[in-house]
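Here come two complexes built around subunit A, the first alongside subunit B, the second alongside subunit C.
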Partner chain A sequence: MSGSAALPATGPRGPWLLDGLVTVVVLLGLWQALHAYAGEAAIASPLAAFRHLSGLVATAGFWSHAGATLSAFAGALAISALLGIGLGLVLGLRRFAGEVAEPILAGLYSIPKVTLYPVILLVFGLGIGAKVAFGVIHGVIPITLFTLTAVKGINPVLIRTARAMRLGQAETIRTILAPAVLPEIVTGLRVGFSLTLLGVLVGEMFASQRGLGFLIVNGISLHNVQQTTAVILMLVIVAVAANGVLLWLDRRFIHRAA
Partner chain B sequence: MAVVALSADPRGAMPAETREIHASLRGVTRVYGRLAALGPLDLDLVKGEFFSVVGPSGCGKSTLLDVLSGLGRPNAGTVTFEGAPVEGVPDGIGIVFQEDASFPWLSVADNVAFGLRRAGVDAAEIARRVDYALGFMGLTDFAHAYPAQLSGGMRQRVCIARTLVTRPRLILLDEPFGALDQQTRLLMGDELLRLWRETGATVLLITHALDEAAMLSDRIGVMSSRPGRFIEIVETGWPRERDSRIVAEERFGHITARLWSHLREESLKAIGKAGRAP
Partner chain C sequence: MTRERAVTLTRIAWIAGFVLLLEAVCRLHLVNPLTLIPPSEMAATLWGLIASGEIAGDIARTFSTVAIAVVLAVAIGFTLGVAIHALPRVRQGLDPLLASYYSIPTFVFYPLFVAIFGLNSVPLIVLGMAFGVPAMILATLNGLDRVPRVLMRTARSYRLGRLSTLAHVVMPSALPYLLTGVKLALAYAFIGIIAGEFILADAGLGHAIAYAYDGFENRTMYALMLFVLVVVTGLNMTLHAWEGRVMRRRARA
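For the complex of A and B:
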């Protein structure tokens, strides 16, 4: 009887926590060093930023701005995900269309998107529409490309197995195709998440009166360095936490499929 | 010493009249565009036998399996299973492919149970059959592992177990051990013989390994170069109770020599054809 011992499903938890703790300490150290080098006028110290942030989150105004960013981001991510996954599935299933579209999408994605922002403002106006649109143009292409690659890369023997098991078309999609492409779609969503957030924040920084991106630029304009640093800190914490959850999902699926 | 009993009928019909024909192909051809891949070919599979197919690369062995299983349709001829024409994969046929076809997102136990759940078998019966199949294939300790955590041989056993639990009456194996090392293949061969004896199923094995065919089979169909037809059916004469130790027997050497004498010529033809191809 051939075989090998099953590998452990996940690594031990201890080293993970230790790695994370060491990373946080190193980053805080670097931040403090940068503060010492550049001075209070350029960047607040970690302690000052945390203090300012704890005060900021206690104000209703902050949550109004955070809500504006969150609603624009949620809308942009939902559109990016639906459009990206839908387009990726269609292009992946239609091989010729996919081969034509893939280099076009990659080319489009290489355009510096910030140069398109004036056009987006003219089309969508000053408001949530422009922020959502700017988030979508950042997020939709990576999600499309990841989905397209996932569908194109489905192992043909899985389709033959579905036929050998006499599965119908709907059952094949539900029980074979969907789980087969899910790991790469989760990866695409993780990448799309970060880029969509980037797009929304950049949109708020350039032309908006509301949102966390606006608060950052407003802090710079008023030379309120603590506000700017505190909002950036808040965004980093939220983005890292969300990315951590998606990465956990990603690794969980990829671990199985590797 | 009588070494190899050759069927007088190159179509492969077993001479014993009392044996029940389980599946048959009559005048089957398969053409891809302008390329004649298979036939015309005739074959009768006798119920409960272990039949192997050997032939040069590209001779249409896998096409034969496709047509017999209903995964592919012949351009001409008829295919029947248990007396009924084959249109699509009929109930009662189980297929194991050469490639790893385990579902990476499911645990070993869920992979094995997949077909049963789809068929609406009740949970207790699924648990019973899956436990048996896992035990039979030596996978009990890996029931909760995922395919990515297993070796190639173990993944192939998962696929065999997944086929086994559905209790197929005809098991089609398309070079299932092709990617495994020689020792593992011999041991997997033993598993396969045990499976065949216990289930009473008819087995058709496609293989490029002459020793595998000689060890496992009641009969071996030797195919010509493309378009593949049977040029000889070799009866091994092995007892039903056998295992990989028969490779030490003198008869085993004679059978493989006999197979190679045909295949050498056909393989040279295949290579020659490949060499002239544009």
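For the complex of A and C:
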């Protein structure tokens, strides 16, 4: 293991992997130190959390909560992606509409949307509908903004070519725009992925009887810190892994486009 | 210029139209008044709440928490950013962490923060900083990376020392980017802190909204939402305009 670190010719992949490993070790060390400082009642140690998590994933109850979160998240992400990409393409193509909408979207992006959660609960009622809607209002704006920026920044020669070939709008989007903006859309989806997950989890933490967000809050109110720590650990692992996959796709696409 | 004006006017017209639509939908009883109240009533209720001083405590609590979180996030992020910029190997090592940091749903840590620090402002400040510090680090790195080499050479030919180079050359040049970091830190602090108050807290605007929701006090709830949205949007827009001005001045210089 230490031998490969000394080799300089492993390319960019080697040190990246090593840096990631060092980062994980440092973070685990900080976690252990925090545990030693705050005590057993406030945060479980890394070892205890991993152990509790491996016990937790063997129970059926855990998977019903995980399933509730996953289905809400999948629905929210699908809606965010479709709506965001569609809106971004349309607003990017129509310059005037895009210039009108962009600051409004950017403003909406940076307000605390949690305050709107009661409205969503009043409209959709307690349940999966509210969670999906809450995930969507978090995820749709970054996806729209990334798509919009990508379409606006597209090489005008491509657009002129499409016009010279007398392509219709649908055809222009399918054959020219979509391939040209794909890398940015992948980036937008990566950001939207994280924010949609955040929205769904916050919704579960505030008013829900099911889902992983509920398990986190429930663990605290039952003084079951191990459960809270274990669920958070799992979410972080899943989020980082998913981000890693999307980042890899991102780099592949950009690499291919370059 | 006329096109810019047309864009701005259209934008205002859209927003005004949306508010009027909400008003009309409520006044015509197309939606249940238990679900949504007209914007004019929200504003009237908000005025009453402010005038009576009923929400002054919550406002003071939230704003002081946000102020502390922003100051800390900017100071810590800037210091770390300068340090990381000076150490390229550390910077390379932090790359995987920064690349995946924003994918983590930070709010899930909030209950743990409460368990560790107790139910007071400290976990909220930590949550408010959790997003702001990396944003400030990235903004600082970005600013320091973009100091034109000509300026650095000029500083060297004037034989400026390290500190005076920093004070007279590097900082003024990096300022617009630092301002971007401050803007993000402020927006993130509001998002984090109000969300934290909303989930679990004993005071603050987020808590007041959640409390009004639980008590079916829709008027108070909508009035408080209006307050948060207007104030935060106003602050964000002010910083955004300032940032744009500084950016343009840098481009001209």
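Methods note: the second predicted complex is superposed on the first by the 224 of 258 C-alpha atoms of A that agree within 3 Å, B and C clash if a C-alpha of one lies under 4 Å from a C-alpha of the other, contacts with A are read in each partner's own complex, and residues count from 1 in each chain.
The rule is simple: a contact is a pair of C-beta atoms (placed from the backbone, for glycine too) under 8 Å apart; a residue touches a chain by one contact, two chains touch by 3 or more.
Predicted model, so just to flag it, every value in this text is computed and none were measured.
J.: Output check: A:R252 vs subunit B and subunit C. Expected answer is one of first, second, both, neither. What do you get?
T.: So A:R252 meets neither subunit B nor subunit C here.
J.: Would you check which partner chain A:V157 touches, where first means subunit B only, second means subunit C only, and both and neither mean what they say?
T.: Touch status of A:V157: first partner only.
J.: In the three-chain superposition, say which chain, subunit B or subunit C, touches more residues of subunit A.
T.: Touched residues of subunit A are more numerous for C.
J.: Taking the superposition as given, does A:R94 touch the first partner, subunit B, the second, subunit C, both, or neither?
T.: It touches nothing on subunit B or subunit C.
J.: Return first, second, both or neither, reflecting whether A:E171 touches subunit B, subunit C, both chains, or no partner chain.
T.: first
J.: List the residues of subunit A that touch subunit B in one complex and subunit C in the other.
T.: Looking at subunit A, the two contact sets are disjoint.
J.: Which of the residues in subunit C come into contact with subunit A in the complex?
T.: Answer in residue numbers: 6-7, 10-11, 14-15, 34-36, 92-97, 99-100, 102-112, 114-116, 187, 190-191, 194-195, 198-200, 205-206, 209-210, 213, 218, 221, 224-225, 228-229, 232-233, 236-237.
J.: Sort out for me which residues of subunit A touch subunit B in the complex.
T.: 1-4, 6-7, 9, 155, 157-158, 160-161, 163-167, 171, 175-176, 179-180, 182-183, 253, 255-258
J.: Write out the stretch or stretches of subunit A touching subunit C in their complex.
T.: 15-16, 19-20, 22-23, 34, 38, 41-43, 96, 99-101, 103-104, 107, 110-119, 121-123, 190-191, 193-194, 197-198, 201-202, 205-206, 213, 216-217, 219-220, 225, 228-229, 231-232, 235-236, 239-240, 242-244, 247
J.: Quick check: in the complex, which residue numbers of subunit B touch subunit A?
T.: 69, 71, 88-89, 91, 94-95, 97, 99-101, 103-106, 114-115, 118, 138, 141-142, 145-151, 153-154, 180, 183-184, 187-188, 191
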